[in-house]
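Going in written order, the chains are labelled A, B and C, and every chain counts its residues from 1.
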Amino acid sequence: MDQVLELSYALDTFYFLIMGAFVMWMAAGFAMLEAGLVQTKNTTEILLKNVALFAVACTMYMIVGYNIMYPGEGVNSWWPGISLFLGGDNATADVIAGGDDAPYYSNLSDFFFQVVFVATAMSIVSGAVAERMKLWSFLFFAVVMTGFIYPMQGYWKWGGGFLDAAGFSDFAGSGVVHLCGATAALAGVILLGARKGKYGKDGSIHPIPGANLPLATLGTFILWLGWFGFNGGSELKISNVEEANAVAMVFVNTNASAAGGVIAAMITAKLLFGKVDITMALNGALAGLVAITAEPLTPTPGIATLIGMVGGVLVVFAIVGMDKVKIDDPVGAISVHGVVGMWGLLAVPLTNSGAAFGSQLYGLVVIFAWTFVASMIVWLILKMVMGIRVTEEEEYEGMDLAECGMEAYPEFISAK
Amino acid sequence: MDQVLELSYALDTFYFLIMGAFVMWMAAGFAMLEAGLVQTKNTTEILLKNVALFAVACTMYMIVGYNIMYPGEGVNSWWPGISLFLGGDNATADVIAGGDDAPYYSNLSDFFFQVVFVATAMSIVSGAVAERMKLWSFLFFAVVMTGFIYPMQGYWKWGGGFLDAAGFSDFAGSGVVHLCGATAALAGVILLGARKGKYGKDGSIHPIPGANLPLATLGTFILWLGWFGFNGGSELKISNVEEANAVAMVFVNTNASAAGGVIAAMITAKLLFGKVDITMALNGALAGLVAITAEPLTPTPGIATLIGMVGGVLVVFAIVGMDKVKIDDPVGAISVHGVVGMWGLLAVPLTNSGAAFGSQLYGLVVIFAWTFVASMIVWLILKMVMGIRVTEEEEYEGMDLAECGMEAYPEFISAK
Amino acid sequence: MDQVLELSYALDTFYFLIMGAFVMWMAAGFAMLEAGLVQTKNTTEILLKNVALFAVACTMYMIVGYNIMYPGEGVNSWWPGISLFLGGDNATADVIAGGDDAPYYSNLSDFFFQVVFVATAMSIVSGAVAERMKLWSFLFFAVVMTGFIYPMQGYWKWGGGFLDAAGFSDFAGSGVVHLCGATAALAGVILLGARKGKYGKDGSIHPIPGANLPLATLGTFILWLGWFGFNGGSELKISNVEEANAVAMVFVNTNASAAGGVIAAMITAKLLFGKVDITMALNGALAGLVAITAEPLTPTPGIATLIGMVGGVLVVFAIVGMDKVKIDDPVGAISVHGVVGMWGLLAVPLTNSGAAFGSQLYGLVVIFAWTFVASMIVWLILKMVMGIRVTEEEEYEGMDLAECGMEAYPEFISAK
């Protein structure tokens, strides 16, 4: 019997690690997506930010974030007990002893799965503030975001805090990850202002096309693949029939929703613009993925497709709408992860009878309010202390030369 | 005992889902390969087609294709019983009850694995008709192909239809997937005609070089990786010693054949052209992969390498030959998946004593004939109703502006 | 009981295959990294080398390398018993018989995992000799390296030879793979000389910037992901609580060390150069990964981060130092895999009480001496027989036209 228990523990640990590796891969997806959607002169810098934020997120979450989000014992349901540094605890004896409270997978595999989530949340920010945010201000924000802001609200839901107690339901993080990241981005964008030349004084909007659409497409496919880990791993267990069926359902629904998002966004774009802007199709896929993330288990695949389709329509209008109110988000991150993240949260009660519209709205508002206020304070401090925006001349010349001293494509002649 | 059964079910389900995720990743591989091998002015559009066809394939196969290919009960072995919409059936009781007919993995994990296969078949088509096929005609074809044409012949073999009864052997789909996709592409290409300027009136052939070879190489590596899921998952089970050994053998042989394909294609290209056209090396890898797909289990790794080498030689001559008969296939898809797919089918009896040359040829002819006739009818209807080819001016200006209203690389100055 | 044994065998085999697939994916990582860091005119050729070396490595290791490295019986601990061709042995009876010596995973899954390692070692070489090494000389070297030089020293450690007996400790190959690859590269680079124009006669150093930094970043992310397989799979077993915990620890430490490498390299670059050269951040990630590879199991995650940080600082100084002594390595491979590989080996005793500084140094010297001398002899023979460097004119025109007859980006106008 013990051997069966051990095998089960091993399978669940392996499942967790592989799902975590898929989520880690999303860091590459965000990097490619953002590098494809900015101008050539800002490409090196956005790549650097994506590599660096991942490193910062992994390190800060190890030092303090994980222990905030999943404390041994919380002070209360609003405030976690904070300790420093990830322990290496993987106690074998407890497993063998068995019982309902026995760990059924390695603690460190859980940490690995969680640490790549915080990096995802932070990746959302980099895209929205692209092409004008100072490198080191961004990285200091990343330190606070991944070490404190994200883990606090993560504790409230997944760490067993008051949002969990209030019945708020968020399977894999439409709210805890995507809305949180988008909200932090929104605070930054508001303070930062639009890129020079994006909005004319006469109210005109000047599109600034992405410089490398194959990269953006690659990034989207990477994210699509990584999302199987993001949602599929959030079932947290696979080692019996019921759980295995659940994970399979999550994979199928995640895929179906993304597909629905693409189709709906393409048709919406065709109807609105006459042609199909590929960035709308890509954002449609991501919208489908974000939308289903709050509840990928209870819908049927057909319903999951519809949830994704609504996300795909929403994202097109949201992107158009952001420009109307002059919120300049070069990659559409706030629309994809914020607006559609909200839709995902509110759609949970449609198929999950254990969730209620009221508690979903409550969770949404709490996550938004906390992240917006906390982020705004940090952005403001950074603005006062070191500034958050590059100079007008640096913006004109490009972030790459200003921050990295090198071009992304030094041999290709660019049309300016 | 029950717990062991449950663990086994969980492991097989997990294996299926991971293998399926690898195959899903092939969609990115096709997208990058094709985006790298077309001209810059047609790059956005081919990327969009690849994203869109994946979405269409997933949705159509869910609505109708899967139920055609694997019906609860067929009308007869030529005609499946058709029902609509994937059910969410994952019956736990049957598993626990056990017995030889008990499901040993989640039905939905099977669907996930199957749905990414149909997308693969459709991805083959997009490359061959690139640079001149209308976006929306292509997507309507995708609807019929993934919802009906592919599932029908899939039913005949993998759904237990008459090709299966006839002893036709096709482990992971050299015929059912690759030849099927290539045949649909061939019908489209014949009707569509060559790209303007490809073939001179004097019989001369003008190469149109791919615009971004790193992308094409990346796409090939992605496909190579994804193929471990394609072939490795087609063993369908891994949870005992015999099956685990079989899956390992499939991984090793798949890799060996691809390696053989590269080496043979490089040497062939060097001998024929004096220099090594990298696209031949890439197509050599893919040829090795297609060739071994019909039977990756019974060869030794040495024989698998040889099967791949024959594929690698074949594909070079096939690509040269297609141009001779003025079949214009910008990425070589018909050669790789069609010609080499046939070689794969016919090579099965060399190592698998359970297969016969006659039944392999029978299956090959049936798949080709069905797919060619059915596809041709659909292409013809589309041609009459909405046209399948863009105008000469649109072709000259590029598909990207015509269909998407945007360029793939707007800042780079292109030499025309 | 038997069924549990079978399940355990299946899980370990599946784990091995998946980890191997991750390592295979590193081939794409090296290809993208190198293609991004060379000039446009040499891009196609470096891509071709990466595809071809992988194919050569897989084939040579199957024919002879694997049997050298893991012989049925060695002649003695310095000299393996050599036989030809991988067998297809996957004996089921031995497994069922059980006992401590019974195989607990498929032999072929072990081969698959090993074969992708040798390709990694060879990939290191291609980057260092880029932009001037003849294609076919390189491939002939690959034949000897992957069939003989690498497997010999691999036998000494992992095959149970004299380095293993001497207490040399190298978990996943900081020495056996990375130092070995870097040393073979060093021998080649010394013989080959620097690229024209890299070093002025007055002692000046002229940077030759990489042409496509998004590709280089993508390559780094791919390698980061693949490394979870590289280190995680080197635990060799996952199917009980202790082993599962160990694999989880390896994943976490591998990730932590890479993150530490990025942060340290960025700060070092900022302090040295005033701006953050992104290639230093990327090489910092790789340095963190190489550094932890010799011992990813015994450090705590905090210590792993520090080990990576030291690697990140080291790699920046190593790259600067190499240029000082006019060792021209276009991608920094010798610094990353060689210098930091040594650091990794020497850092093992810091956390692993079973390792001693003396035996680590011994192993380091043996691997370096063997690989350097053996490689130098092969490079010298190749130089005499067919030459290893392209002509000055070919170098000026670019390797792509000389070796492949085609450009990587034929439509983009390059600034020369």
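FYI, a contact is a pair of C-beta atoms (placed from the backbone, for glycine too) under 8 Å apart; a residue touches a chain by one contact, two chains touch by 3 or more.
All values reported here derive from a predicted model rather than from experimental measurement.
Grouping of the remaining chains in the absence of chain B, by touch, is one piece.
Residue numbering shows that chain B and chain C use the same positions for less than half of their mutual interface.
Centroids of chain B and chain C (each the mean of its C-alpha atoms) stand 32 Å apart.
Annotation for chain B: residues 4, 7, 11, 18, 212, 218, 409, 412-413 touch two or more other chains.
Within the complex formed with chain B, the chain A residues making contact are 4, 7-8, 11, 15, 18, 22, 39-40, 209-214, 217-218, 220-222, 224-225, 228, 232, 238-245, 247-249, 251-252, 255-256, 258-263, 266, 273-279, 281-282, 285, 300-302, 305, 409, 412-416. Residues 3-4, 6-7, 9-11, 13-14, 16-18, 20-21, 24-25, 27-28, 31-32, 35-36, 43-44, 47-48, 50-52, 54-56, 58-59, 62-63, 85-88, 90, 92, 95-96, 105-109, 111-112, 115, 135, 212, 215, 218, 402-413 of chain A are the ones that touch chain C when the two sit in their complex.
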